[in-house]
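Below you'll find the structure I mean.
For clarity, chains are labelled A, B, C and D in written order, and residue numbers in each chain start from 1.
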Amino acid sequence: MDKNKRKIINDPVYGFIAIPREELYDLIQSPSVQRLRRIKQLGLSNLVYPGAEHTRFSHSIGAMYLMNQALNVLQEKGEDISEEEYSASLQAILLHDVGHAPFSHCLESFFFDSSHEDLSLHFMKDLNLSDIVTDIFSDRYKKRFLHELVSSQVDTDRLDYLTRDSFFTGVSEGVIGTDRILKMFSVHNDELVIDEKGIYSIEKFIISRRLMYWQVYMHKTVVGADCLLQNILKRAKFLAMNNDLLPNKYPITPHLLYFLEKGTRKIEDKEALEHYILLDDTDIWSSIKTWTSHKDKILSLLSNKLMNRNLGHLKIQQNVFSEEDLKQKRQALLKKYNNEFSLQEVEDYFSATNELHNRAYSFDDRKINILYKNGEIKEIYEASDQLDKNFLSKYIRKYYYFEQ
Amino acid sequence: MDKNKRKIINDPVYGFIAIPREELYDLIQSPSVQRLRRIKQLGLSNLVYPGAEHTRFSHSIGAMYLMNQALNVLQEKGEDISEEEYSASLQAILLHDVGHAPFSHCLESFFFDSSHEDLSLHFMKDLNLSDIVTDIFSDRYKKRFLHELVSSQVDTDRLDYLTRDSFFTGVSEGVIGTDRILKMFSVHNDELVIDEKGIYSIEKFIISRRLMYWQVYMHKTVVGADCLLQNILKRAKFLAMNNDLLPNKYPITPHLLYFLEKGTRKIEDKEALEHYILLDDTDIWSSIKTWTSHKDKILSLLSNKLMNRNLGHLKIQQNVFSEEDLKQKRQALLKKYNNEFSLQEVEDYFSATNELHNRAYSFDDRKINILYKNGEIKEIYEASDQLDKNFLSKYIRKYYYFEQ
Amino acid sequence: MDKNKRKIINDPVYGFIAIPREELYDLIQSPSVQRLRRIKQLGLSNLVYPGAEHTRFSHSIGAMYLMNQALNVLQEKGEDISEEEYSASLQAILLHDVGHAPFSHCLESFFFDSSHEDLSLHFMKDLNLSDIVTDIFSDRYKKRFLHELVSSQVDTDRLDYLTRDSFFTGVSEGVIGTDRILKMFSVHNDELVIDEKGIYSIEKFIISRRLMYWQVYMHKTVVGADCLLQNILKRAKFLAMNNDLLPNKYPITPHLLYFLEKGTRKIEDKEALEHYILLDDTDIWSSIKTWTSHKDKILSLLSNKLMNRNLGHLKIQQNVFSEEDLKQKRQALLKKYNNEFSLQEVEDYFSATNELHNRAYSFDDRKINILYKNGEIKEIYEASDQLDKNFLSKYIRKYYYFEQ
Amino acid sequence: MDKNKRKIINDPVYGFIAIPREELYDLIQSPSVQRLRRIKQLGLSNLVYPGAEHTRFSHSIGAMYLMNQALNVLQEKGEDISEEEYSASLQAILLHDVGHAPFSHCLESFFFDSSHEDLSLHFMKDLNLSDIVTDIFSDRYKKRFLHELVSSQVDTDRLDYLTRDSFFTGVSEGVIGTDRILKMFSVHNDELVIDEKGIYSIEKFIISRRLMYWQVYMHKTVVGADCLLQNILKRAKFLAMNNDLLPNKYPITPHLLYFLEKGTRKIEDKEALEHYILLDDTDIWSSIKTWTSHKDKILSLLSNKLMNRNLGHLKIQQNVFSEEDLKQKRQALLKKYNNEFSLQEVEDYFSATNELHNRAYSFDDRKINILYKNGEIKEIYEASDQLDKNFLSKYIRKYYYFEQ
């Protein structure tokens, strides 16, 4: 291996991370991966958890590190993994997030009507990698456990993000037994399974993920900030489409302007993809800063609110908000702003309503299977003394109404 | 406060712990509390987790620290707690474990047929404290929340031991959100309740406790070591009662000898209590070491096994072991030892069988109640989206058979 | 205190931080402090330490937390501190960095020919605070120890940044005994002193700071990245002054444009200050991203290098680089670029040379004094067995040459 | 490798430690190594740092883990290390402390007039290992760096104990950059050297070791407790030699009795060695507990003091205590005890005086050499900007007087 590429990265979460292969070093240096340095892992969560400034880049490196550990464990247990498969798995996980939009999930559907996974797959293909990499990523490779290490209900992606997000937010309760879970990985019929001794760690992992979901990812204030940001971009898009955004007077970056003028694109649109891969959090922030003095009152008002962390109010309830209720709330809002805006504007730009949902375990997705010493296999809900099917499949659904 | 008593203790778990009151300093210096320095918190668990050498002393100091934090939180929320009550609560938690036997739970029923809590209460009374201390400890004080901080399903005892045991064993998954839980404490109708925002932390706490229970406290190898130690003492008692222990030839400490000769005592036996409070782990270890060369083959064989961590084998199953099965196992064991011992001896000293059980939450004990912003109170199973009554009340029961 | 302002901030470094006063809550919400959320504490260090994404905002909150602890310690030791002084000290430390430029130290002299401290003082005055706040900040308050807690050789600023930077970079060796040092603070003749028992912690603090200086703050690759960024802005300024920056074609934010066209300003320039307080890291990044396709070859080439972490090469030596040596290096560089650029351009934009220096302890600054039990005071170099005057005063000076 | 021997140990300091070779598993199971479970790493330091209950056993496992890492680093850098040498180095470090006395350094010279290293070598030889193991341990192996990894000024022993002791005492300032230092290990002319980039970590390591020395190992209260324990054993030995110890009435363990009656032995004394290897902390504690009611007033008084943490007073000064001064102090002590004891007894059993010394770096020992990229070698004091010869060689010497 080229000495210059034998780098060690200092990671506050795991300590030293050695870049495990030369080709990985080259990929890390690629613009697609370097771009992830400018996209925060948790979007606007830093407005609530000031330590949560960590990026998709450090998450990708961390997940690569865990993948390396996992492959090692499996090889030590006698699993046959060729050098080509080994390297391809590392590449697949390193690149699994290259398709992410600025602000991660918050703006996921603003630019394209495709998921970030599909976008990742697209940009991977651009990198001229071996087919195995994309096959593993898109679950078309025969050794299915390699895909499952990249994406399943206990993959190296989740292991890293739970560990990392709980580290940087300071929510110590989110801590999971990553080391232990990795050591419990095994393969059975080409699928990833968990050794019997790992049951408690898996239970704990499922509960911690749920806790992080409600306490961090769906934190009231963060959801409110997301609504505000979405409303700002909705307004900017409206103005752009009506030639009222005035980018010469209120300069914004060209790649963001492209999407504001054209609207949400299809993944087949090559030109759009070229703009997209040059976008990151800084385009959004610098535009919003410019808009704080925009002549459009709605745009400038909302932009100022976000800049100064004036994040409005979010109400969460178990039932959907009735039309009647929403109507009343918007009327009140209209009054609050002294009828300066129309009812439609108030609805579109000063409020939002939607649902939040989460499920501890999905029965539709790839199973979490436990491997017993006697060779038997049981799905987690059968193996666990405690987490029964009822518990795991419970679909928690809540509704929120946001207003500024 | 006397300057010499304004001490700060360096605790690896919480950092600096200031001794909060002069009278606490004096209690810490008392022989009953100093004795806890020589009783390990987790008995023989250090044979599996080599870091788990921490003592009941450091746990008591830690629990006192958390009590101080908790009382502070409640006062800040406007709860009226007099200086006398404040100090008494600190004293009660500091002393809550003074009645523990050597090796903590493992030998709990060997010396007295009373619980360690009853013994703690007895030794507290010896210390001439204000009645409030013992009233709080034994739940006869009107402000019931003070007792609940000492002993309930989310008390400062559990908060400390889960945190401490997971720290010293290195089982990072046991980590709970102690800081956060403390901040969520409130009082409602003189009872301890948890603020609504603390629900997820409580769920997490319940799951972590369960994990620690099966992964650490009831770890197979630890349970086996406990059986071995209990069998050694059973044999020594048998010999002592038959004048075959020969303490002059194989010297042991006088306080242990007392109990070997007299057997398990009643809590009313003053003399026995006086011997008991002078016993700690070192009496047991030094005797076992002496016995490694004892002329009684059973005693010396077992003692050597424990000394050299030759810990036998434990089988765990969901059902009780049938008499037939046990009979067969003992016959095989008889053979293994070439009929050197009788069947009864094999049963009594080379094997053991019993049950293990645990329940995530007890409906018989004091409830964990959640306090909503609107003043409403719900028990945890009603408040939680996820932890329903079924889940919480499930009584996990397993059976083990141990043989040497 | 207004309930809505009684907030707790989750900090990964210290755990929960309660905002200690209502007026502090209001200041935190001010645009000057919120701006610090968009200025990274360590500028471009995240290119080497990917975890080092933390901001001046979280540092300011952290320093405020330590100040609160320190004032508490001093009050407990009997020091008289009025409520007004207490609050003012908290305000002074919270605001001590509001004058920082984007990218912190890297661009400190690009916008104004004043230090960031002077700028902080200016912006503080804008906030209409009590005079005590600015008096403490600028060392005109009689109780000098209050200023020393804000700014001296062992202040809460340094204590926080060493702890925080070592946490987020993952350089565990930088860890200092913050808790212990705070507990050792005392006051003697209105000056801050350290109790005798804290000597070793202070020695350790001095050595850790030095280590962080060379291993993190002046890390070769970081210094190189700083040179690259400075050269980019130098080129942009040159173009702007010659009307070649073309902001309509390559849009950049108005506040950055202001300084590129006008050059470095004096602190008396009100208009410049108004632009400055609206600038942060995102203005710089979004502009550099735009410039990657600029028609000026030098600007686009350099911008692309920074965007893709192509950070050039830095040579460090003990002696100043001779004119002869520099001449040769630049000639070689000229060749490397096939004479595409002039010698002057190569010197100005593709290379840089300067000195790095550090001193473990400054004899010009406020002393670190040790207070003995008998009331005696000694300066650290007299008190320490090991750190003598020679050692402490040694001025380490190194020279670097950077080229792209 | 035998599956049953492929164990993983949960270590709170490093996480999971896999036992790296089958033969290591066997050695860990040997009585000599198991005995280290009953000898605390830091003797009586737990009287000051209640978390410091960790044992020589966990230190030995930890040092083995670091050795494995170090050998790995060297192999990756191309160093030729045969499987035999690899395993032997692991064995040598695992066993390096088997010769330690109960209470580690405190009683080092009580049992034998040899160092614990010589005793370790003796017991290693008993284990019938390959000659390479003892050759490496005693520095007679050609590849000297293997010995240096076991014992030098930056060996895996020191790296582990500094890390471990600072973890368990909670003295966070003792933390060193173990991971980083290990990665900087190289070999040059068969000697261990440190890569240039590791200089700051080595400086830090040297300073941390010094801090731990004065703040933990030589903590005033710990030194006092050591004196007290030594005086107790001195008195017990005096009584034993005069047939006044009465072991039948005040039973103590036979192996301790052996040394009390015979006095300090020579390492050639086979019988003494056999007793020694069966001694650990529990023999001492159980005897002292028995002696609390001994009819010899001095023995019982001192024993009670230690049991109840009544640890006397220690005075430290820069100069040796004058005879005159000592005389006065002892006269006062005589009075304090109302002339109940003779002057000689007061001197021998109620007081102690001695020196404490430490040096940051020894010029007599194996050098710490720095390897530059250009192949040059410099000793640390030449390589470091800051730690000059003066500083490093300074021999700190202090004198203490202890009295009860």
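Just so it is clear, a contact is a pair of C-beta atoms (placed from the backbone, for glycine too) under 8 Å apart; a residue touches a chain by one contact, two chains touch by 3 or more.
Since we're looking at a predicted model, the values are computed, not measured.
Enquirer: Under the touch criterion given at the top, what is the topological distance in steps from chain B to chain D?
Expert: Each step joins two touching chains, and the minimum needed here is 1.
Enquirer: Determine which of the two chain pairs, B-C or A-C, is joined by the larger number of C-beta pairs in contact.
Expert: A-C
Enquirer: Return the chain whose centre of C-alpha atoms lies at maximal distance from the corresponding centre of chain B.
Expert: Ranked by distance of C-alpha centres from chain B, the top chain is C.
Enquirer: In whole angstrom, what separates the CA-based centres of chain B and chain C?
Expert: 50
Enquirer: Indicate the whole-number Å distance between the mean C-alpha point of chain C and the mean C-alpha point of chain D.
Expert: Roughly 43 Å separates the two chain centres.
Enquirer: Distance from the CA centroid of chain A to that of chain C, rounded to the nearest Å?
Expert: 32
Enquirer: By the touch rule stated above, which residues of chain A touch at least two different other chains?
Expert: Each of 15, 171-172, 179-180 in chain A touches at least two other chains.
Enquirer: Which part of chain B faces chain D closely enough to touch in the complex?
Expert: For chain B paired with chain D, touching residues are 9-13, 15, 29, 31, 34, 37-38, 40, 46-51, 53-55, 57-58, 61, 167-172, 247-248, 251-254, 278, 280-283, 285-287, 289-290, 307-309.
Enquirer: Using the touch definition up top, name the residues of chain A that touch chain D in the complex.
Expert: Touch residues, chain A against chain D: 8, 15-16, 179-180, 183.
Enquirer: Could you list, by residue number, the parts of chain C that touch chain D in their complex?
Expert: Answer in residue numbers: 171-173, 175-177, 179-180, 200-201, 203-204, 207-208, 210-211, 214-215, 360, 385-388, 390-391, 394, 396.
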